[in-house]
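As structure tokens, here come the structures.
What follows is chain A paired twice: with chain B in the first complex and chain C in the second.
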Partner chain A sequence: MEIRIQNVSMTYPNGKQALKDLNLDLQTPSLIGLLGPNGAGKSTLMKLLVAALMPTSGSIQVDGMPLAKTDRLLKAQLGYLPQDFGLFDELTVVQFLDYMVALKGLRDPKTAIQEVIRAVNLEEKAKAKIRTLSGGQRQRVGIAQALLGNPPFLIFDEPTVGLDPEERIHFRNLFSQTAQNRLVLLSTHIIEDVQSVCDQLVVIDHGRILFTGTPAQLIQAAVGHVGVFWEREVTQGQGLHITSRVNTSQGIRCRAVADTLPAYAQPEEPSLEDAYLYLILQEAIQ
Partner chain B sequence: MKTIQLFPLELRRLLQSRLTWLIVLLTVLSPLAGLILYKPASASTMLSIYLANPALAGGVGGGILFGLLTVFELDRAHRSRVAVLMDAVVSPLCMALVRLLALLAAALLTLIVTMLVWFPISWVLIGSVFGGTDYVLAYLLFMGLALPLSILAAASAYQMTRRADLSLVLFAAFAGLSLTIWTDHWQLCWLNPSVWALSDDFSNFRIFRSVAYMRLTWLAALAGIWTLSYLCVRQYGKGLLGSLARNMRQVYRPMISLLLLTCSGTAYAVQPMVDHSNPDESVMSFYDLPYLEGILCSGRTAQVYPNTTAGTVTGRATYQFQNTSGQAQTVAFGIQPGYTISSVQANGANVPFSVGDYQEYNEVMLEVTVPAEEAVELAVEYSGFPQENRNLSTMQGAAEISTEYLCLENAALAPRLLNVLPDEGMYPATVEVILPSSMMVIPFGTNEAEIVAEHEDGTSTWRYEDNGVGGILYAGDYIRQDIQTDGITIQFYYGRKHQAVMEEAGAVNAVKTVVDYCTEHYGPLSFSTGGTLKLIQSRVSGGGYASNGASLLDEADFTAANLRDSSKGAIPGEVMIHELVHQWWGLGNMFDSFDNTNPWSAEGLTVYTTYRIVKELYDEEYAQKHYVEQWQQAVDDYYLNFYVRNTEYLAGLPEEEQLQISNSLAYVRQYCEMPLKILKAQELVGGEEAMDQILNSLFNRELNWSYPYLTYQEFLDACGLTEEDLTLV
Partner chain C sequence: MCKIFRYECKRLLWNKFFVGLLLVVLFYGWQVLNSVTILGVSHTAPFSPWSFGDYLSRMSPLLWIGALLFLTFFTSPKARRTAVLIDATQVVPRKYVLTRCAAALVGTGLLTLACLVEAAVFYGWYFGWFDWGTLLFPALVTLVPLLIFALGSGWILGSIKPWLVYSWMLIPFVCMALPLPKTLGIWDGSFFNEYPLTLGTLDPSFTMPVTVIMMQCILLAAGAALLFFHSGKNRGS
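Presenting the complex of A and B:
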């Protein structure tokens, strides 16, 4: 599957411009991490990709065909977990998945349901009413419905929200396995989620793409812009963006990104989070 | 294709909801309201009470409940935020259609359950006059079609507004209009059709047709509105107008909506059920037409072919004219507004004719130019579906034509001559009518119909002679019993379905007893000429009338429930006597029926006479116990009634409660207080014999045609008493 986004802009009826002249190519197989601060336009981009919105201008093509004309075809190949969703509380997990299986028109519903229930670790709650589930369990049902039928194109918007650390690791691995022969788009705030599994990153802010490439390329771009220092050494903080403070026996140890590191800062190997923050900082400065 | 696949899934999900089952349960129970609270069918037939009212209540209750369910279900996916998941899989347009189909299927299921539950109950309540066809049609039309209409209306409101609260307000307003402001407009009552009566003994196809027509008109309208609202289903994050503009790109969608709305509008405008008679019934311009000079009518014939399946009539009428004027004349006829004239010929040649637009008293004027020849035979061919008078549009059903019953009156039988005088004072007429052999033809009047031919297709040709420009013809599945009384032979016609009830009530003996007693005490009925009188049980019509040689008995007076009414008689046979006594006290111009709360009505003298007959049949003790003591008890209670003693409090009650109490009090005054007063008058005038003479003189009094009704004052004057003399306390 190949998705080509060309010159896409999206302005909401209230006048807010969510995306500006966006260009992006997505191809199977890949697991793409979509990063960006709140309000950057990530969810808008995802809604455009699932045909929940129509772009104000520009075009989205799926395998060379305009999405506007092939949205039915796209929906047949799509697994989507939105950021904000609900479930039919009066149904059990299996009944709900059965309902979604039927909506998707899958041929072997039992097997499909068993597979996804196993994949999201919900075997024990399979027959429980959805209203009895915890937030994390509901999130897992959401992921399960997206995985139903092994769709070739998966979009997850903040999939690990509400999951405990152990589950987050489990799902990271699951997404990684899933993406081996599919196109997976993963939007998240949590850098760790994408760091370990995504082979491609898209950073978006203020409706514009700031970066597309591999995590390593993003990290490389931040080399020489990440440093550590003692807080007491700080003489002037202009252009310095502190990313972490750690209390130690010798004082507070700070980690920061900057376009030009001050002399008292000792250069450090950047992490993906540092690189991301550096990119955003650069955008803010510009 | 996707819609068909998803339909069972959505239906299953709908049926997994507890709310759905609650709605189903309440809907199944809603006909109960028709037995207790909501009784729009006011006639006292068993089918009106135990079938029409429950089915109508089921329609109103079920309709409102399913409207609420629709809004709840359509809003559910958005309220619970599942829509975002579903929209990513299936088009919102597809889901809107699937949800509608699932709701409609749930409504159908509910209707089936309701019909199964109420079938045995209705059977037991209605008794021997219960009919499966009436039952099925009543529930399908009065109740069943209300459910999809409500679903379509509520779904349209939601799809347009996308707000549950606003949709509920809109739906409530729409239902409220039907239940209040629109109740006088039979075509607008989409939720509560105008049904005032169902016949027990004869068929009800006419009223069923009328309700079906109204429902189908609304079904097309609401389907059209729903299709329009379907175009408003929000897609691609767009608002109402944006979604509408996008969804209209597929042109067939707005075209379907437009087509449905056009069909509905056309059906509304050209409805065939009701005419356009002048609502001002004081205008009688057809009767005021001046008679033509130089032309007379010497006879007429009519061949009438009612189609008992389609409810239509085809006919050919001929008129013999003697035109001595030497010039062409324009002859006017009153014809049934539902009929079309296919040809008019004079002496075998087509002549010009025109049918006017103005309608009055269920007739429209046909004008024909009769040539300047001395002897002219005018043949008029007509056919159509008889329409009912629009001034009675909320009381439809009179134009029933079926294998069980028909009544063709005047212009509905054949064009009625308006402006030509008869030769020798009469319009001799020969009428032939072809009907299924199971039907008996009864001309209303002194004439007898006879079978002149029997046909292989199971029909028979009946013929009878008549005099006059119009005529009334009854036909149906009747039983005829000839009853020999002192002086006259009563031909008693009643519906075959009513046989068991009539036999249980001892109808034949009651007729003989009443006719003998009343003829002896008050004199013969003025319309029992020629030694015979036809007593014809008619389909429920809200009253009866009499003419020379025939009198009508409204079936509503002879229902099993009415015959058990203890205020009219201790046993069904005595109620039968009561109803037959109305032939003397209550028919025609005897009492002014303008004010039904007036204590002086047909009931006082009828109840009193029934008591006298019962006293003669049994003994004084029996009559005292079952009549006089009953009246006395009711009157004592009446004078102790809080609202009688404190009338100012009655005015403070809600209108409906006020009406209920005042009706109940009026009933006591008519059925108990007045007979007691007449009994007191009997004592004061010197006993039964003296009272009989007074009543005889009143019954045979000379009428003042400007106000022919018998008044209380006339009664008091005849007794030589004053109102105070008859005061009971």
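Presenting the complex of A and C:
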């Protein structure tokens, strides 16, 4: 599957411009992490990709065909977990998934449901009413419905929200396995979620793409811009963006990103989080 | 779509809300039958189509509200949040909406059936009267257009703003308060009380002016058209 986004802009009826002249190519197999601060335009991009919104200008092509004309074809191959979604509280987990199987027109519903229930660790709650589930369990039902029928294109918008750390690790691994022969787009503002599993990153802010490439390339761009220092050494903090402060027996140890590191800062190997913050900082300065 | 229909029926009917609504309808119906219908309207027998029509007119605001309450299962803000998932599937919107509408119709139909069965039990119990076939025409003309119009108009309004469905529930009460033209006499019940008196005979056989029938046909067509129009535009809500 190949999705080509060309010069896409999206302005909402209230005048808010969510995306500006976006260009992006997505190809199977890939697990693409879509990063960006809140309000960057990630969810809008996802809505455009599932044909829930139409772009104000530009085009989206799926395997060479315009999305506007082939949206049903795309939806037949799509698994989508939106950021904000509801479930039918009156139904049990199995019944809800059975309902979604019917909507997706899948054959062999029983096997499809069993597979996804096992994948999201909901065997114990399979026959429980959805209204009795916790927030994390509801999120897992959301992920399960997206995985139904092994669709070749998966979109997850903030999938790990509400999940405990153990579940988050489980799902990261699940997404990674899933992406071996599929196209998976994972939108999040949690760097840890994409750090270990994504082979490609797209960083978006204020509706514009700031970066596309591998995590290693993003980290490479931040080399020389991350440093550590003692807080007492700080003489001038201008241009420094402190990313962590750790209390030690010798004082407070700070880690920061900056366009130009001050003399008192000792350069450090950047993490993906540092690199992301550096990129966002650069954008803010410009 | 059969599976979706079954699940939608289960959502609408297998809950305390439906049981509560059914009990309210049955309680109110029994009150009307025992206090108004038992006396007969416009010098006709309690089991005449006129008295029965009057009973249905008095029940129609509750049935109208019931039909709209079923729609809130599909138009509420909570239901809209589920629509995001449904919109991402390949289901044909018109088929899906009409399936849900069929489930709402089943719910409304069951409430209506409860009213009719209650009246039948009442007539049999008190008067030993079982000639129910004569009541079919007033029942169809009174209730079918009203309820189809409730579903069609309510669904359109609910898809615009969920709270509009609740406001629309007040329409029968507004109709009772306003001086409606005679062609809309079924809506405020005046037709069954006043029209027999104009026929100049005692206990006249049931007839309806063409204008009243036409008005009911227009309502039915409008309700069906609104449903069809809505089903082509929306999917989840």
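Simple rule for what comes next: the second predicted complex is superposed on the first by the 286 of 286 C-alpha atoms of A that agree within 3 Å, B and C clash if a C-alpha of one lies under 4 Å from a C-alpha of the other, contacts with A are read in each partner's own complex, and residues count from 1 in each chain.
Just so it is clear, contacts are C-beta pairs under 8 Å (C-beta built on N, C-alpha and C of every residue); 3 or more make two chains touch, one makes a residue touch a chain.
Please read all numbers here as calculations on a predicted model, not as lab measurements.
Asks: Based on the superposed arrangement around chain A, label chain B with chain C as either clash or fit.
Replies: They clash.
Asks: Would you sort A:K75 into first (chain B), second (chain C), both or neither based on which partner it touches?
Replies: After superposition on chain A, A:K75 lies in contact with both partners, chain B and chain C.
Asks: Given the touch rule stated above, what does A:P13 touch, chain B (first), chain C (second), both, or neither?
Replies: It touches chain B, and chain C stays clear.
Asks: Examine A:L53 and indicate which partner it touches, taking first as chain B and second as chain C; both and neither are also allowed.
Replies: In the superposition, A:L53 touches chain B alone.
Asks: Using the touch definition from the top, say if A:E166 reaches chain B (first), chain C (second), both or neither.
Replies: neither
Asks: Let me check the overlay on chain A: which residues of chain A are in contact with chain B and also with chain C?
Replies: 50, 52, 72, 75, 78, 80, 82, 84-91, 95, 99-100, 102-105, 142, 145
Asks: Quick check on the complex: what are the chain C residues that touch chain A?
Replies: Chain C residues touching chain A: 1, 3-4, 7, 10-11, 14-15, 78-91, 96.
Asks: How about chain B: which of its residues touch chain A in the complex?
Replies: Contacts found on chain B: 2, 5-6, 9, 13, 16-18, 76, 80-82, 84-91, 236-239, 242, 246.
Asks: Applying the document's contact rule, which stretches of chain A touch chain B when the two form their complex?
Replies: 12-13, 47, 50-54, 71-72, 75, 78, 80, 82, 84-91, 95, 99-100, 102-105, 142, 145
Asks: Using the touch rule from the top, collect the residues of chain A that touch chain C in their complex.
Replies: Within the complex, chain A contacts chain C at residues 50, 52, 72-73, 75-76, 78, 80, 82, 84-91, 95, 98-100, 102-105, 142, 145.
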